[in-house]
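Below is the structure I would like to discuss, written out as structure tokens.
Here the chain labels run A, B and C in written order, and each chain numbers its own residues starting at 1.
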Amino acid sequence: MEQSKGKIGIKEFVAISMIILSTKLTDDTPAILYEKLYNAGWMAIIINGIVTILPIFLLIRVITNYQGKGLIEVTNQLFGRFLGYIILFALWLGILAATIIDTAIYTDIVSSMYFVKTPTIVIYGVLMLASAYGAKKGLEKIGSVAWTVFPYLQVPFLIALILTIRHGNTSFLFPFFGPGEWTIMKESVMKLSIFADYLYLFILVPFLSTAATIKKGSWISLFFVVINLVLAMTSFVFLFDYNSLMQMNYPFHEVIRTISAGFITNMETFFFPFWLIGTFVRFSVYLYINALLFGHLFKIKNFEYIIPSLATLIIFIGIIPDTPTFTIFYLRETVLNILSPVFFFLPCLMWLIAKLKGDFKHEKANQ
Amino acid sequence: MKKQINRGKIIIYLIPLFILSGCWDQREVEEFAYVIAMGIDKPKDDENLIKITYLIANPESGNAASGGAGNEPPREVISFKTDDFVVSRNIANTVIAKQISYDLLRILIVSEEFARDENFIRWIYDATKEMEIRRDAKLMITKEDTEKYILNNQPKLETRPHEYFQMIIERGNETGMTPTSDLTTFFRITEADADLFLGIYSTTEKEERSSNPINPDNFKAGEFQYGGETNNTQFAGSAVFKEGKMIDVLTIEETRLTFMLNPTLTAQEILTTFPDPFDEKYRIATRLTKNGTEDIKINTKKSTPSIDVNVPILVEVLTNHSMEHYAKDSQKRKTLNKSFEQALEKKLNELIRKTQEEYKADPFGWSLIARKKFLTIPEWEAFDWMKKYPEMDINITVDVELGKFGRQGDIPKLKEIRD
Amino acid sequence: MIKLRKSVKKKDKEVSESPKQNKETTNLTIDPSLEQTLKIFREIYTVPTNHDVIIRNLSIPGKDKPAAIIFIKTITDPQIIEQNIIKPLQSSTEPFQSIEDIVSAQTISTENNINQIATKINNGNVALFIEGEDLAFLFDASNFESRTVEKTENENVVKGPKEAFNEKAATNISLIRKRIKSENLVVESAIVSNESKNDLFIIYQKDLVNEKLLQNVKARVKSLDTNAIQNLSLLEQYIEERKYSIFPTTLYTERPDRAASFIEDGYIILIMDNSPDTLIIPATFWSFYHSAEDHYLRLPYANFTRLLRILALFITLFASALYVAVVTFHAEMIPPDLLLAIAATRERVPFPAAIEVFIMEIAFELIREAGLRVPSPIGPTIGIVGALILGQAAVQANIVSPIVVIIVALGGLSSFAIGDISMNFAIRISRFMMLLSASIFGLYGITSIFVMGLFYMLSIKSFGVPYLAPMTPNYISSEDTIIRRTLQKEIFRPGYVKPKNLKKRQGEN
């Protein structure tokens, strides 16, 4: 009676990728962008969105070429055992660092904006408990949950957006080019890794129902993620203007604290649960990918079982930094800067090797 | 299975511990004293302290469901010196039994004296750090000491303080007699360092004389003469802030004119009077509304930048004391229209002269429009709007459109009645 | 514990590997000697101690041989025995007429295994033994006492049929046959217990049902090893996958129309004697959420009630938990007037809000449980006493605040909108979990429990069908989930039960 074999369809894939990328607008990503880009931070998203097309296109080209294989297998095949292992290990370190830093940030958001007196470790624990529980259920369940909750995340987000724009002033978008065109280009490309999650999503290719899923799914989600992020980022500017915005740690949470609708004057607690749901789903995916890579690197077949220990490890590393709001802010920026070139050049390299090896011709001959 | 049961047991025992201990962020609503308004003053003798006045609401007042205790007063006021309004929450507990909560804090009241102080901005920025103070709280300036203001402010009917403040501020906005004055706008304008910020101005002290006997509309809080048995508090006019420091007070009329010129502000219904062009003795009551958005053209390229503003106004004539039949006479309507335009333009030009000469900055939010002329922020900041504003060449035109003439357009001819 | 019990039972069986009668009869066939046969049966049924087992000797004039019939008086129809069996037998004179021609009973079968014969007799057959014949003739004359077909009691509808199943399997099957007049409808029977020999009927449409699913159900039924399964409610617990799960995985309905519509979609239903219900396999979350009336009402009305129901579901789950979370953790989100009102009413309440809500919730559950168990004449009285007096007095005594009464009553009332009793319990239990997490972590707790619950719910499978199918994972279906579409657009059978024929009809397009 095994009817579904842990594969996810296009709906679930799009929901997962949209949730893990769109939740970034609620953490300190906007703050990182606005810090250097004044009121033009939102442009970085558009520029990065356009630049991201190339790595995604190459990834799709390379990976769909090897049917049913994901990033892990293809890397091994293209770079050989040893080099492939090193690359995958680096990728694993990247996602582990990202998971630790991001969970620490989200914990910091909860503890600094909502639960001021609750000990950080308890908040961290609950966050990782829920995420690890989800991750342990496997990708299919994560996909299903993502798809189930997705509309209920998007609708409150749109409500928040409408309220923000109603309270805001479009003139704050000007001067249009913020710190100047070149600064925007340079700073944006440095933060390309905002979209680096796509690289990791290609690990999941073997779990997708068809090859077309990753192709269509990536494009659809990239399109809507860019729209989501740009709308949100511009609405922050509408509400606060660049001076105030540049000083904020978590603009999204300041926004939902400021807007009001009718007799409900304090709306942040209304949006809080929806944001949390997105957060849990996001870290479930991160944990799952972490475990998947870890399992591959250290030859653990039932990698789902290491998720709880991984989550515990993350908690203990995550609570180390003092004054997380700032320490982690810089750590995150560093990780973003390191991951950016990786995200851009790895797919190019893969494509080049595949080309040189003549793997593409092989495919054409088959057709 | 046994293990499972044991784990279950442990959880079951632990849960009541959490609930009953009331730990961390858990706190019951009735354990708070809700501060509705907070007054901030500068004590005369000490430079490094501020004086805080809390207006605390009594939830039990006027609540039928609670049963008994109907005689308790609706509010409680405490005033004391402290370092800032963050630590003051603890100090207040030497007197107040419950934990101080800023959850319902909707209005920050600052005395004019403190607002005019150089150091005011240092303390007001604490509000961005304090978790419970919201950016949409209102900023209000009082002529007198805030403690005195809060004590004297005793509404007769809206005895619940949060209701009173919410209503009167909302109404002031609608009629254009007081500005919106959000905390977030205050921070924004102060940080942008280009425009002036307008705060709500209020007082409980009546001045004995009327400053402008010709126009009864043109007064600010304290100058309104009224009798009867009601509250002493007046909300009228606005406090002008330049670079986070108060510099002057605008009257009601000036505030309303600012509403007309400022694209970010809208007043829903301004009822005001104009001199009747047909008979100098009388004044015509009108309802003014913005008729579309004002057309603001700014040229920053010239050596003396210029601003051309066209304000479209819809005027509804509500009274007709000279008993002239302008409703049906297009010639007379034209005269009326022209006289309104002239009157408005004159007043607006006066206001602009005042801002250029006296304040040397504009409260109209025009810098936001000027920003569109620049491509990058460094260029814009180099332009320095506030410095350039006093020399700018500003032209105001008003475009009046006459709307309805009251419910009944016509009135009987005076001559026929007196015949 | 359960394991222990099982092993004890096994041992019992081995030790007492059937008293005399079993040993003798298991493989015994009938002796041609009537006397010998009757002796065996007297022993089996302990006649004459056993009061309602009748052994009547008679002679068939045509054959000129002594004969005897055995039947159980209380489960057979005397009319049939008298008119169709005894009378024709006694009045037959033709020597070469076969028994089939003499007796005018509806069904006649022959059997020579004593054990089998006994089973038949236990099921209401009349056994005829004739001297010199080594087999028995069995005539069906069963007449078990049962209710007549009555109105539904739990799944009431305003518009639509009102018949309900009763405790007699034959009637129930007849009610289904009445709705599906098709030669493809198969009623298979199986015996599910060793000692009481309870019959189970597996009903499905052979041109629709998925073979794998059918094999799965049959395998599970076959693997049962128990002495007795009285009815479906017990069977349900034997065949379900997750015994500790709070979510039900089989749907229990008393409505023949609902059962029939599920059969038409390729589901399998189970019927047993003594159960005024059927068990529908597999079941998804949606089948619990839907009610029979949803398809009888016109589309806008149906979807209106559906939306009300989902609202009720969420109110039941979250109302009290949200109150506790908001009042103890997030007071700032309440509008000032309401916040002050809550603070004022709570001023004199001695308990924390969480405890207060727990007290009221438990009181409400008590009233509900008591209302179910009290004899029906005093039922309403208890309800009034419980709800009115208790609530009112508790408020006046400052034990709880009036707002809590409203919240709990609202949640309680909403819980009745979920008709299915299993799902109702599931939601009510989850509500307490929500409440607990809310009192520890506020909205953070509620959300984490909710997300974990969602993960859990999605990981449930009912006979291989994901619990929230077809919403996720996606399957071809008529998309009858939260709201339904017009009947004309419902052209597919649910893809997740993998019916042999997916399309119900040609669609509009």
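A few comments on the model shown:
In this section, contacts are C-beta pairs under 8 Å (C-beta built on N, C-alpha and C of every residue); 3 or more make two chains touch, one makes a residue touch a chain.
Note that the coordinates shown come from a computational prediction; the quantities given were computed from them, not determined experimentally.
Closest chain to the protein centre (all Cα atoms averaged), using per-chain Cα means: A.
Chain centres here are means of the Cα atoms, and by that rule the chain farthest away from subunit B is C. C-beta contact counts were set side by side for A-C and A-B; A-C has more. Averaged Cα coordinates give subunit B a centre that lies 67 Å from the centre of subunit C. The centroid of the Cα atoms in subunit A and the matching centroid in subunit C are 47 Å apart. Separating the CA-averaged centres of subunit A and subunit B is a span of 42 Å.
Annotation for subunit C: residues 329, 332, 336, 442 touch two or more other chains. Those residues of subunit B in touch with two or more other chains are numbered 25, 103, 106. Under the contact definition stated at the top, the residues of subunit A that touch 2 or more other chains are 115, 118, 265-266.
Partner subunit A is touched in their complex by these residues of subunit C: 212-213, 216, 326, 329-330, 332-333, 335-336, 441-448, 450-452, 454-456, 458-459, 463-466, 468, 471-474, 496, 498. Listed in rising order, the residues of subunit B touching subunit A in the complex are 24-25, 103, 106, 128, 131, 134-136, 184, 187-188, 191-192, 263-264, 368-369, 371-372, 374-380.
Residues 1-4, 8-9, 11-12, 110, 114-115, 118, 123, 126-127, 129-130, 133-134, 137, 140-145, 147-149, 263-270, 272-273, 276-277, 280-281, 284 of subunit A touch subunit C in their complex. Taken together, the subunit B residues at the contact with subunit C in this complex read 15, 18-20, 22, 25-30, 32, 34, 36, 57, 59-60, 63, 65-67, 69, 101, 103-104, 106, 132, 160, 162-163, 166. Of all residues in subunit C, those touching subunit B in their complex are 327-329, 331-332, 336-337, 339-349, 352-355, 396, 402, 436, 439-440, 442.
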